[in-house]
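Chain nomenclature is as follows: A, B, C and D, assigned in order of appearance, with residue numbering initiated at 1 for each chain independently.
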């Protein structure tokens, strides 16, 4: 009497073949922390589900100056990434312990806001995604991956199999602000990487989460910093710009108004943290 | 960024019981032939520890060891009526019913012991260890097992008792509101210390220090449990909790623990308390009640502490960071 | 009570249920399963106020595992009110909605199926035609002429013995205000709060061979729930047998009679055990909450800090139905003036209906919002008269022998003592006159 | 789709179960195997009452399909309870009144077990960090934190 199907492919190859065969109506599930509550609660009734826990994607390798993370690596695995402290911090601030043992780096890319904080950290690090289908593989930047609320650049039949993160050359900082200090959705999350040549900023990446349809870059804030010194004046200007350009929403934990205010405060605090680390 | 500290106080009373419809509860006690005492109830344990404190009260009133008193609850076929667990009433109401039932059972127990020891019941006492002994001659005693066997097989008596506590119904006078709605009053005073981040409106509760007066404590560890749990619930009500974040609008109602904001172990303030005992007039052994009130005094104490810190009185719960920030902005303008 | 030597009262003996709890062997309601047990899930209103024009179960019935759908037509006495057992009326809440719904999430039809999944899927396939109606959410708006009326008796408030609110009249407040140096007003608002017990509300109803129904439930009030269930089902009281007593947290959230009647009805209809347990989302959004209260204070105070008159108008947001709110309002009215000795008090306490999930009892029932409002108001008074927050409370504290506004003599007061103890705990040095004060008598320090 | 046979180690014993597609470990334990110490407080991954250990790591069994634990080691509270007696963690929860209604208790104990297995000397901060995914409405957490501190002392032979 149960018509549901659950596929548990043992390799990426098998997974992409299943996806090609069953098409876009198959729900692809990583750690299950987003999909399973909806199924348990009777909100969604997917007839075909593919779980990726056995697809051989739980790995972290570190070839020359790059960290390569299999999409099914858990957030707990990220706590060991000593090379990139902001990924450790970002991972630690997702859920509680058991959720971190289940939630995956790949899954976090698909978490609807205000979830998806880890993806914001990846965005600040200029992560690239490897997308694989039966037709082959391609690499896309995480910034270009998102196309709208719950929509991505994934083509039918494609899976995110790997996240490639260059070891940051700049200074980084990460701050998540929620209504409590752990296991809570973000009011706003800020991840930043700033490259400095002496006093001047040569390159900056500021990613925000929970203030847009998906993790976003604060491009205007980045432009303000570019070529400027990183000091309280430029930091304030960048923070104001970020608050202006973000697209916050209201939900159970904060209003659009408050989120925008907090973008300004937290971009400032994040950038100040970077200057403090000099 | 400014972090400002503030202190606030609040002092409250809390009534035990709610008898506007009459507020009775019953208890039945019977002894087995092997000297165990079953207390039959239909009362429920929500986690506060009813099954433990009622056994303590029963053991005390019967004069037998705690271990020999067993609680049978809650079954409508075997347990007599109880209004329910609410209104901080169960220890007081059910406790009183148990004391009354225990007195009746104890009377039979002492009569049988008197026959066995060939003395008057008035000359007997219980030692709380399972023996009934002649006052002044502790070597002349009988154990409750022997006594219960004798009652059943030799004298044909049931060692049993019935108890009820009822506060009669009080009708409210519709014109003046004259009424007698409760049985006794417990009290609490909380001093809250907070820290407010004026840039985000975030409040951190540093400490909740309280004095409680709850009548006699039947089980101090369980009272302490109510205090700790209630303090955090009060703090949650003050700063975090709402099913309708934009009340009276109904938008964005939380559907689970991630959106319904509750403080966790990371938000724990320092919680310290003293408990005073002024036995009540009508509670069993002077009990009042502690279950509900522990969440009450922290709320206004925290709100008053926030005012002390920032000079803005938020009178709309929960006091979210957003409400504080908006209030601060209005002041600045 | 005479001083006596106590053996076990006063001892921190270990919990009787502790071993069961730490081994996970304690049996909670959801741990009770029977091999032939069915699952009940509820079709709920997606709208806060609407007429029901029609219900179509055709697609739901086709879900594999579907057993039966129940509507209000199956419920013998569909309209009830929980407190009818203590004489509070009139009946006004449907077990299952009839021609209209008053809040989002209201129960409309029960689906009974072989598995939880099948029941949920069938629920998702029930189609209902609604005609939306205008809503009312604000308690003061609700009392204004021209707002949609929610109750069959024609008002949006509970009627207390012919009055539109619960009243307390003590002394003469107008005279008190005239004699006062300061008039201090305040508006206080609390929010609906979820009990959030670790275990959600639920029960299992099982038909017995002798024709009775045993209901295993985590209700906080066993007989209250059973007796209401018997009335709703129109069965003799001896037909029902309720078993419970082990509850995974209550806080007042498990005193409503919601899951038991419909599960028992389903068990009677199907002849099989039926489980109806709220999901967490139902517990959050549908089960009754702590009500929101709006409270207005007006206090007349002398320049030396004595409160001479207190006038309070307060509105409880009951949500769509009574549940326990009419009662909460009375308890609130008895306590809102506070543990203070005030010669003139005037209270109007309203129980108001709105288009939200019903509120009901919660830890502190009607008193928690009262304590919040009045203790913040006390600080406001202290500030206005230029007095220390401790002092304003000591000066006005009630003592044994005083008369409360609801005309009950104070007999167990210890407000002064807890304040003295709290001051000592935090190292706050009270003036000598407050240290010497006692609740036991009214000798002025 | 047909049910599947899944083999894994449960509480030290290798077992074979037949499950419908996407059945969770929670449902298997509670409804098929009658191991009800694993609770179902929310089925959203939000309360931690269903925490089990998979290869020693705490996981929410309500979010975990049974097929995903093929060949793995799953431990529930039943699996760490000695016969007769109590595990030290159970003992301290009981003796320190770190329980009230008891519904969150199994999950709390499983997380504590995983923590103490990794870190026999956890500081207060580490204990709090380990508990952030587990919800308790009754106790206010402090008694639970103190119980874990006491468990660590006793396991290290410094308890009373």
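Definition applied: contacts are C-beta pairs under 8 Å (C-beta built on N, C-alpha and C of every residue); 3 or more make two chains touch, one makes a residue touch a chain.
Just so you know, these numbers come straight off a predicted model, no measurement behind them.
Chains that count as touching both subunit A and subunit D, per the definition above, are B, C.
Taking the mean of all protein Cα atoms as the centre, the chain whose own Cα mean lies nearest is C. Separating the CA-averaged centres of subunit A and subunit C is a span of 42 Å. Between subunit C and subunit D, the centres computed from C-alpha atoms are 33 Å apart. Centres computed as Cα averages put subunit B at a distance of 30 Å from subunit D.
Remark: subunit A and subunit B have CA centroids separated by 47 Å (rounded to whole angstrom).
In subunit B, the residues that touch at least two other chains are 46-47, 49, 221-222, 230, 233, 245, 253-258, 260, 262, 264, 266.
Counting partner chains per residue, subunit C shows two or more touched chains at residues 12, 14-15, 17, 196, 247-251, 279-281.
In subunit A, the positions touching at least two other chains are 2-3, 37, 40-41, 182-183.
Chain contacts in this assembly form a complete graph, since each chain touches every other chain. Across the complex, subunit C is touched by residues 1-3, 40-42, 45 of subunit A.
In the complex of the two chains, the subunit C residues touching subunit B come out as 1, 6-17, 48, 83, 85-88, 104, 137-139, 160-163, 166-170, 186-194, 196, 219-224, 226, 240-252, 254-255, 280-281, 284-285, 289, 292, 317, 327, 330-331, 333-335, 338-339, 347, 354-357, 361, 363-365, 367-368, 371-376, 378-380, 389-390, 393, 397-398, 405-408, 410-415, 417-423, 425-426, 428. Subunit C contributes residues 12, 14-15, 17-28, 30-31, 33, 195-200, 247-251, 279-281 to its touches with subunit D in the complex.
In the complex of the two chains, the subunit B residues touching subunit C come out as 8-15, 18, 20-22, 42-47, 49, 51-52, 55-57, 59-60, 63, 66, 71, 73-77, 79, 81-87, 128, 172, 174-182, 184-191, 209-213, 215-222, 230, 233, 237, 241-245, 247-250, 253-257, 260, 262, 272-274, 276, 278-281, 285-286, 288, 291-293, 295-297, 299-301, 303-304, 307, 313, 315-318.
Residue ranges of subunit D in contact with subunit C, taken from their complex: 30-31, 34, 36-44, 46-47, 49, 76-78, 81, 86, 90-91, 93-95, 97, 99-106, 109, 135-138.
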